[in-house]
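You will see chain A twice below: alongside chain B first, and alongside chain C after that.
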Partner chain A sequence: MKKEIISFPHLGDYSVPITYFLTHTTPHEIRPAPKITKQTLELGSKYSPDYVCIPFKYNLGNFIESLENGATILLQAGGGCRYGYYAEVQEKILKDLGYDFQFYSLVDSDHFTVSHMFQTFRKLNPHLPFLKFAYYALLTLLMIFYMDKLDEIIRQNIGFEKKPGLFRKTKTEMLETFSHTKGFLSLTRAYFRYKKKFQRIEIRSKENCLRVGIIGELYTAMEPFATYFLEEELAKMNIEIKRFTNVTYLLFLKKWKTRGMLRKIHRYCYYTLGADGMDNVYRAKYLIEEGFDGIIHTKPFGCTPEIGAIPIIDKVCKEEEMPIIYFSFDSGASDTGIKTRLEAFYDMIQAKRGRE
Partner chain B sequence: MECFLGIDIGSISTKGVILNSDGVILASSYLATNGSPMEAVKNVILELKEQIKEEDVQIVGIGTTGSARKLIGTILNATVIKNEITAHATGTLFYYPNIRTIIEIGGQDSKIILLRDQIVTDYAMNTLCAAGTGAFLSSQASRLGVAVEEFGPIAVESKHPTNIAARCTVFAESDLVHKIQMGYKKEDIIAGLCKSVAMNYLNNVGKGKKIEGPIIFQGGVSKNIGVKKAFEELLGEEVITSKVGHLMGAIGVALLAKRSPKRTTFQFQFSMEEFETKGVECHRCPNHCEIISVRKNNKLIDSWGNRCERGELKIRS
Partner chain C sequence: MNKITIGIPKALLYYKYKDLWVKFFENLGCEIIISPNTNREILEEGKKYVLDEACLPMKIYMGHVQYLLDKCDYVLTFRIACLKRGEKVCTNFMALYDLCRNTFEKRFLHYNIDITKRETEEFSFITMGLELGFPWRKIRKAYRDAKAYETLMKERRYSKQKNILGSSKKLKILLAGHPYNLYDNLIGKEISRYLEEQGIDLLYSDLYDTKYVEIDSKKISPKNYFTYNKEIMGSIVSYQEDVDGIILLTTFPCGPDSLCNEMIVRTVQKPLITLLIDELNSDAGLITRLESFVDILNERKNLHEERNH
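Right, the complex of A and B next:
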């Protein structure tokens, strides 16, 4: 079999576990898309439909840069909204641009099954035994689970580190270690080692610190570049951050929690709203009950499920006098405007806290 | 006497005030920015200087706000650099402690600030389009051959304002031409334009916000009584305008400088010529960060815009 080069778009730091999985289950070379830069977005916007949501533009930009970088096989996933159509449309656009490549969509419908995934990977590696596939799938999922766990610790503390940049440095180190995992035992050991390391990083007193929850659409929540590094900006303002959306949530927790969440917000929603719409109404309610200082809602411009959720979230927040700010991201947005609004938001929740 | 300087550098105009420690305005200036914030600030400071006796006034705090707040803040060595929303709220609350809603329409942006018990509870800024801002009015004014300052008095005379499709600046212009050709009276059209600014504002920026009195209307457009009247009709409530409404951002940031514990010294003999700004594109990665560097006598004093350390290194070397 000819040696191919597999590539896939970025989503936060998840390229590490995906690369790990692909390296061990396929004979091909794995080359994730080059790091997202302004050029990625420019390329993506140039060839995307104007009104498509922004993750599409980032993904397409990633693909083009991957292909320029020598990729011959591209992977895409799918989800419960417009995301479900990304794969087909992007494949068509790239083929029209004259690129030669194979395209695999890992999730063809909302109900993705293990056997379907296995069939897809069988195409990439016809000699792949199921047991090997299952072993590395579980290991990769555990890696994602550990990453998300550690991320939570980072988000709570990064705004207060005494030596700036230490959390980020340790995280890079952690990702490097994870990418060389040998098995379940070594992964778990690494997890506990880094957990301790993160907990030992010196931080300033967090007493009475401001706490903000980030809710909204999944891509803008997980890909820092798409929100102009919103979480970093918040950390600079010494704010503790709570974010719900991560891959662990989307793959496992969401399914388990949906009914319970609906019951909790029965006053506002009888049904789910598509994608994470209903989840965000629940999260707003949760953040209010937990006594957070403010909520930041992010979405790509034109994100339909979130547009449906916003009036409900707004109602929940107005009833409880919870400060909330909405950001809508598109390729033309400027980070200056976002910074100004964020600064004003900080002043607002600070003043509210001072009064209480 | 200890005094505080506040400067608000907007897209269209630059505002400056000097307050004494009781918050009384000693000097104020309002000039066009003309695309050159540094030049505008220089002229504003010169104008302020003429209004005071230099030996009586000792500036101990400087605040900057507006879109060029960071640049000017760096050059003036400001003690406070604040966003426009907080600055406007602070300034307004000083004069009107009971205010509940601030409507602010400036040259290129407009915002709404809701307050309760002297605390900002919600705010919004226009996001997409300049329709419904000062820039829209002045571009239509030049088309009609009327000075934008005369818009207000003309508009108030109209009995039947013409409806103008003002959802978008470009479409509004074609609708305007059409209405002129149809033979509508000039004052009706001008009144219609003023009304459409207010409508646009309420439908865009004010959408979903509970606007409660007392309401104050600020920013350059608040000088236009036609728009003020339109707001009163649409909201069914009295709308206050202030004589210093256009200076409110500068006043607010001067007050914030007063409240801040930081102190500085400031000489009016101040030359902008020493300063030079330069925009560089970093080519260390495909992100191409636009880095702005500010130099004083060819010595780098600050730079920003880089996303990573690589850009920093380049600028320092």
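Right, the complex of A and C next:
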């Protein structure tokens, strides 16, 4: 079989486990899309429909850059809202641009089945035994789970570190170690080693700091600010952050939790609102009950599930007098504007804390 | 006993299910109030109750609900999650009931269709009737009669459209889009009125017989899973041989349309124009675009006939 080059768009740091999985199950070369820059978004917006949501533009930009980089096979996932339909439209747009490549979507519409995944990987590697596929799939899932666990520690503390850059340096090290994992045992050992390391990093005292929860759409929560932009900005103002959405949640927890969540917020939601809409209402309620000082809601412009959820979240927050700020990102979002709004938000929650 | 009055907002899926809704409540012996055609006031009113990023039909819907609030006992809403296994609709329809309930302090009558959870249309209509306090046998009969009436009306409209296709020699244009865009007074009415004044035969995408939608829509997009957009695609495929041009009507910022229309524009070979309508729209700009589109179609038709002679 001819040696091909596989590529896929970015989502946070998850390119590491995906690359790991693909190198072990397929004979092809793996080359994740180049790092996201301003250029990526410009390229993507140029060829996307006007009023599509922003993850589409990022992904398309990623694809174009990978194709320029020599990729011959592209992978795309799917699910949730219109995300499931991305794959086909992107394939069409790229084919119309004149690129020559093969395109595989791992998830068909909303149905995530192991057999479908296996069939797709059989196309990439006809001699792939199922046991090997299952082994590496489990290992990759465990890796994602550990990554999310460590990420939680990082996000809570990164703004408070005494020596700037130490968290990031350790994280790069960690990803490097993870990408050379040999098996379940070595992965688990590495996880505990790095957990200790992260916990030992010296941080400023968090006395009297304000606590803020970030809810909202998955992609904006992870990707455009994968560099911990919001965390650091907020930490400068002495604010600690709690985040919710990650891949672990989407893959394992969401299915289990849905019914329980619905029961708890029965007053506001009888039904799920599509994608993460209902989850966000629940999280807002949870943050209020836990005594947080404020909520930040992020979403891309025109995200339909969130548009349905925001009026309800607004109502929850109004009833409980909880400060909340909404950020809607489109291709023109600038750091300065966000900073100004964050400062105003900070003043508000500070004043509220003072009053109490 | 006083009759129960039920308000039906004339927006969103009203245009698709009006026969079913109206007939069902008539059979039950309820009084029905239908909100008037959309106008600027209703839109302005609706904008207050929903996020400014929400789509135009959603804003209009909220305006209609607001209009009905103090005129009836219940306002009818719905929640549609899944009409067919493996398919979906826009998430706005999933959130609609909870959205209304949280925005307005009013008892809403609603039904929920979610095939994956075994909640069919009949089941949810009966639940809705029980909520009003009717005996379930009566509700079931009312539902079945209404459904039969709906099917009858649908077939009548289908055959009307087929007649236009067969007989007329005039210019034919397919107006494709969601029914709540095509027939709404603020969105599509102006367009269809203008085109009819020009002596053009209009075909509507929602009057397409959905029997062959699976086969037809797959010719444009094999993996599309939005039920209503599938019907639009199907209608375009089945009519594209017979019409002279296609007008794609959509509103800003419709989620499913943003992707599906891209597929349509990239695959269909007929002359096609996309009209994107938002709340600040002026009719003059629209009419100019339509004029030039009609001119092009006329020229093409003349050229084609000359060649044939």
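Details
What we mean here is this: the second predicted complex is superposed on the first by the 348 of 356 C-alpha atoms of A that agree within 3 Å, B and C clash if a C-alpha of one lies under 4 Å from a C-alpha of the other, contacts with A are read in each partner's own complex, and residues count from 1 in each chain.
Heads up, the rule we're going with is that contacts are C-beta pairs under 8 Å (C-beta built on N, C-alpha and C of every residue); 3 or more make two chains touch, one makes a residue touch a chain.
If you're wondering where the values come from, they're calculated on a predicted model, not measured in any experiment.
When the two structures are aligned on the shared chain, A:38 is found in touch with chain B, with no touch to chain C.
After overlaying the two complexes on the shared chain, residue contacts for A:328 are found with chain B and with chain C alike.
In the superposition on chain A, A:55 contacts neither chain B nor chain C. Residue contacts after overlaying the shared chain place A:355 against chain B, while chain C stays out of touching range. Comparing chain B with chain C, the partner in contact with more residues of chain A is C.
When both complexes are overlaid on chain A, the residue A:216 reaches neither chain B nor chain C. By the touch criterion defined above, A:337 lies against chain B but remains apart from chain C after alignment on the C-alpha atoms of chain A. When both complexes are overlaid on chain A, the residue A:347 reaches chain B alone and has no touch with chain C. Note: residues 311, 328 of chain A belong to the chain B contact set and to the chain C contact set alike, using the contact criterion stated above.
By the touch criterion given at the top, residues 49-51, 53-55, 58, 79, 81, 86-88, 90-92, 94-99, 101-103, 112, 221-226, 252-256, 258-263, 266-267, 276 of chain C touch chain A in their complex.
Only residues 34-35, 37-40, 229, 311, 314, 318, 321, 323, 328, 336-337, 340-341, 343-344, 347-348, 351-352, 355 of chain A touch chain B when the two sit together in their complex. Of all residues in chain B, those touching chain A in their complex are 67, 82-86, 117, 119-123, 125, 127, 208, 210, 285-289, 307. Put simply, chain A touches chain C in their complex at residues 49-53, 56, 81-82, 84-89, 92-93, 96, 105, 108-111, 268-275, 277, 301-302, 304-305, 307-312, 315, 328.
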